[in-house]
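Several structures are given next for inspection.
Both complexes shown next keep chain A, but they swap its partner, so chain B is in the first and chain C is in the second.
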Partner chain A sequence: MLRAALVFVVAAVGITAILSMGGTAQAATETEAVTTAATSGGTNLLIQNLFNGIVFGLLLALASVGLSLIYGTTGLSNFAHGEMVTFGAMITYFLATPQAVSFPLLPFEFTVNWPFWLAAPAGIAIATALGWVQDKIIWSQLRRRRVAMIQQMIVSIGLSLALVNFIQWWMGGRPVRLVTSIDPRKQYGPISVGNVTLISMVIAIVALLAVAFFLQRTRLGRATRAVSDNPALASASGIKVDSIIRIVWMMAAGLAALGGILLALYQQGIGFDDGTKLLMMMFAAVTLGGLGHPYGALVGSLIIGVVAEVSTVWLPPDLKFATALGILIIVLLVRPQGILGKAERVG
Partner chain B sequence: MNDKPVILDADNLIAGYLPGINILNGCSMEVKEGELIGIIGPNGAGKSTFLKALFGLVPVRDGAVTLGGEDITNLRADELVKRGVGFVPQTNNVFPSLTIEENLEMGAYQAHKNYKKQLARIGDLFPVLIQRKNQRAGSLSGGERQMVAMARALMMDPHVLLLDEPSAGLSPARQDETFVRTREINKTGVTVIMVEQNARRCLQICDRGYVLDQGTSAYTASGQDLLKDPKVIELYLGTLGA
Partner chain C sequence: MDILFDVLRTAIAPSTAAFALAAIGLNFHFGLTGLLNMGQAGFMLLGMYGFAISIQQGWPIWVAILVGLAAAAIFAVLLGWPTLKLRGDYLAIVTIAAAEMVRFLGRSQSLAGLTGASSGIRGSDYKAPFEELSPFPDAIVNIGPFSMHGSRSSSWWLTTVTWAIVLLCAGLFWRLANSPWGRVLKGIREDEDAVRSLGKNVYSYKMQALIIGGVIGALGGITWALGNSVQPDSMGRPTTFWLWTLLLLGGAATVFGPVLGSILFWSSLTLVKSLASAFIPSDVLAPTELEPFSLVLVGVTLMLLVVFRPQGVLGNKKELAF
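After this line comes the complex of A and B, so read on.
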């Protein structure tokens, strides 16, 4: 457990370092805009940033809950999870844009131009199906051959690189917008927020509650937690472990896609590597909350989101993710198992 | 006992965890319906590995396992549960983050229509588990976990039950309770195969014992005969009180 946590932290810090050398993230620019709006309103900056942090935290939670479920049930740290976030948004763009689109390598162009309310669920459905395909042709094969975790993790890193390059090749290097209309901000007391963001928050909360309901109140969900606890014992109890894991991959992919779509709405566009950049924050959130703990991803994401945004009140915005990772390290020093992770008694 | 049909037959099993390293080097066992079989042997002999190989949790590289005449070699554990085999592992035998009740529910995963009925039946056997059904299994003591593990395995009403050191880590009084309970479960018609460290107590209650050493089943005899066997006394029972 501790070793896995360390791998996550090292990976997260490493990725931060690499990313901070690159260009500025789209997300950063957008949030600065929000901050400016709040300041110009002359209202309480702290409350506005706290609110922005909760919004970002909820979206991060959607993206990372699947990462956590996959880690819990299979032990895999899936480095290709960020691309699942991007992919959901990109498919939705593909279906919704009024502009001509094409499949890679195919010589003809066409327009789909579906309304957003149709394109988004279709995007999530396609992403969910790809979760199934991914587990079917890659991960279940590796598990069946008893390939060790480090090797599987390296496969996922390779897959991540392949996917991010594929998305760039297909969709181009410029960010795309899922909807063209703008979402005007309205003032609610000290908080300024647009309707689309408010609706996104509601959708995120409903989806997260649905996951909690699934894990807690359905037989299949309880079996998922049983597989997380001990796959061999789950099998010995009569649970088809591989079917449960297949369902987890589908859920993870679908939730990541939903997270990606809402993120694209929130930051008014999505680039080919936005999900990839988010991966570090997802790992941090999952580790902070408690690796493999079903609700760890939610708690960790909210803390990371709030700390990152609120820190910009006092610290330069460029440092906000570094601050969030600083919190991660401090929490792990005090609670190595993460916030919700339980130190199981031995014997 | 001897006229009953063979229910479980393991023939010359070769099995192991890591490629190229065999832990079992030709393990055989023949169990008749309704028998209570004890397996004893030194630490690291492969007793746990043997049970796991029977139950599809360790790959069998050679040899065959049959259940009621049907070949079950390398079948997945959940398939064996479907065929009426139950297994209580030696360690990690509960789901720590699930409540006691959820643990029992998982035991009846394939027969959830009968869940309530089974829960009532198991509740009569282990009333304390029902009183504490909402407690997380991870917070239980070793003895309590053993109880949850046994109850979970009984939820499917198995007709063959594999137990790996059910008395390990229990106080002497609790150990006695476990042996008595095992015998009672066996009397209801369940075939029981039990691995035990407490060789003397195990051989006293079992119909037949197997001695396992270095991954091979060295020999078998009735429990009473093994208790009198000078070699078994020397190696596994100690001379005191023999």
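After this line comes the complex of A and C, so read on.
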């Protein structure tokens, strides 16, 4: 605990020192931010950032719930989860765009041009199917061969490298937009927000509630929690561990795809590596909430989202991801099991 | 024939040597001690920044090198301090997060005065002191089929120096791995608790391994920067993953595994790219798609390697952390 506090102080001093070396321009904007924070404009900025943080946190939660469930049921830190987020958004773009699309290595082009309300559910369905395929041809095989967890983790890293470059190869290096219309922002008190973002929030909350209902109230969900708690014991009491894990993979892929689609709407476009960039945030959220704890991902995501967005009030915006990663490192120092995780020996 | 020369040129290029160096560092972490360092690119980047920024401040070259190495050593201490007591995958997540933090800080506009933000530091701003030391002529020199500049950038001078450092570090690895110290590290890799019960301070040994590997990684970063430029985005997560691929390809826990791995990795990447551009028509695979296409192959190679031949070309299956 003392060690942790000391590292925190050293890190804080270090970052402050580095930032103050960064130039007087930075210092000027910082003092400006501090002075404006005292006025009502500053409070508005804070509330707006808080709100943005909650939106981002909800979208992050959609993506990271699956990561946490996979970790809980199999013990795998899945580094290829970020690509599932990108894939969901990209396949939706593939189905919805009026432009000609093609598959890699196939020389012909065609247009799908489905309406967005049809393309998005289809995208999620395809992503869910991909989750099934992934578990069928890779992960269940590795489990059957009793490949060590660290090896599986490196396999997921290889898969992530392959998928992200495949998506770049397929869709090109430039960000794509799922819908072409611009979402006008409206003012609600101190918060300005567009309708699409509000609808996205509602969808995210409904999806997260559905996951909670599934885990808490259905037989399958209870079985999932049992596997997550103790796979051997669950197997001994007659739960088919492998089919539960298959369902978890499908659910994780589907939720990640939904998160990806909403993220693409929220930030008005998605690039081939956006999911990959998001992966560190997801790990931060999942670790913060408690690795493998089903609701930990939600709590962690909201905290990470709010911290990342609110930090931009004081710190330069291009450091918001670095701030969130800093939080992850500090959490590991103080409470490695996360907020909701149970204390256990982890090393 | 041209393709063959391209491949050979890649095999001896200074960048290949730089990656071999960073992989030797990773070999100290993973091969010898079993530490899952997923942020080796961060160590390389810190070495590059330390070196380039010190030269820009007008410090002599040996001070600059020391600054680069010291930055990596401090980074290793800060990372290892909290995480070396936790389970292995925590170190993986923290190192990858910390390496990304270094990259984000390097990219950040607020430090543009020192790091040049996302455009980085141009090679001409820091390469001069090293190039002035060159005994080679200041012109293009042809040796056999290879044509490189004598002293500038990716030169014969840099090639000689980097491969000499690679040999030195490989020798250092061989010496240390066979010393009593190295045997303790191997013991930690096999069974941490057994070593602890023998009264060894496991934490301190792991820390030493992390620092040595990180410093060698920084050396790799410095030599890489001397052939290219300091660019934060060139040292992102993919770089670390490539390092893992080539280390596992050559064979972890072996002396020449990282060196062979680096040569094989970069040569086959060049081979695949040139074969693809020569034989696959460009309406099937456009030139811009070559890079992602070859990296898909790298990812698949990594997956297959880990599952089917985790010991790589030279390694011994018993000598693996997993």
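By definition in this document, the second predicted complex is superposed on the first by the 300 of 347 C-alpha atoms of A that agree within 3 Å, B and C clash if a C-alpha of one lies under 4 Å from a C-alpha of the other, contacts with A are read in each partner's own complex, and residues count from 1 in each chain.
Operating definition for what follows: contacts are C-beta pairs under 8 Å (C-beta built on N, C-alpha and C of every residue); 3 or more make two chains touch, one makes a residue touch a chain.
Keep in mind the model is a prediction, meaning the values are calculated, not measured.
Legend: residue contacts after superposition of the two complexes on their common chain; A:203 is shown touching neither chain B nor chain C.
Once the two complexes are laid over each other on the shared chain, residue contacts for A:104 go to chain C alone; chain B is not touched.
When the shared chain is aligned, chain C comes close enough to touch A:322, but chain B does not.
Using the contact criterion defined above for the overlaid structures, shared-chain residue A:122 touches neither chain B nor chain C, since it reaches no partner.
In the superposition on chain A, no contact is made by A:212 with either chain B or chain C.
More residues of chain A are touched by C (comparison of chain B with chain C). Contacts of A:331 after superposition on the shared chain: neither chain B nor chain C is touched.
Contacts of A:54 after superposition on the shared chain: neither chain B nor chain C is touched. Touching of chain A by both chain B and chain C, each in its own complex, is seen for residues 347.
Residue ranges on chain B touching chain A, taken from their complex, read 55-57, 76-78, 81-82, 87, 89, 92-98, 102, 105-107, 109-110, 112, 138-139, 142, 152-153, 156, 169.
Interface residues of chain A, counted against chain B in their complex, comprise 219, 222-223, 225-226, 228-230, 232-241, 293, 342, 344-345, 347. By the touch criterion stated above, chain C contacts chain A in their complex at residues 36, 38, 78, 81-83, 85-90, 92-94, 96-98, 100-101, 104-105, 107-114, 237-238, 241, 244-245, 248, 283-285, 288-289, 291-293, 295-296, 298-303, 305-307, 310, 321-322. Within the complex, the chain A residues that touch chain C are 3-4, 7, 10-11, 18-19, 21-23, 26, 77, 104-105, 107, 138, 142, 145, 147-151, 153-155, 157-163, 165-166, 168-169, 173, 276, 280, 283-284, 287, 316, 318-319, 321-322, 325-326, 328-329, 332-333, 336, 346-347.
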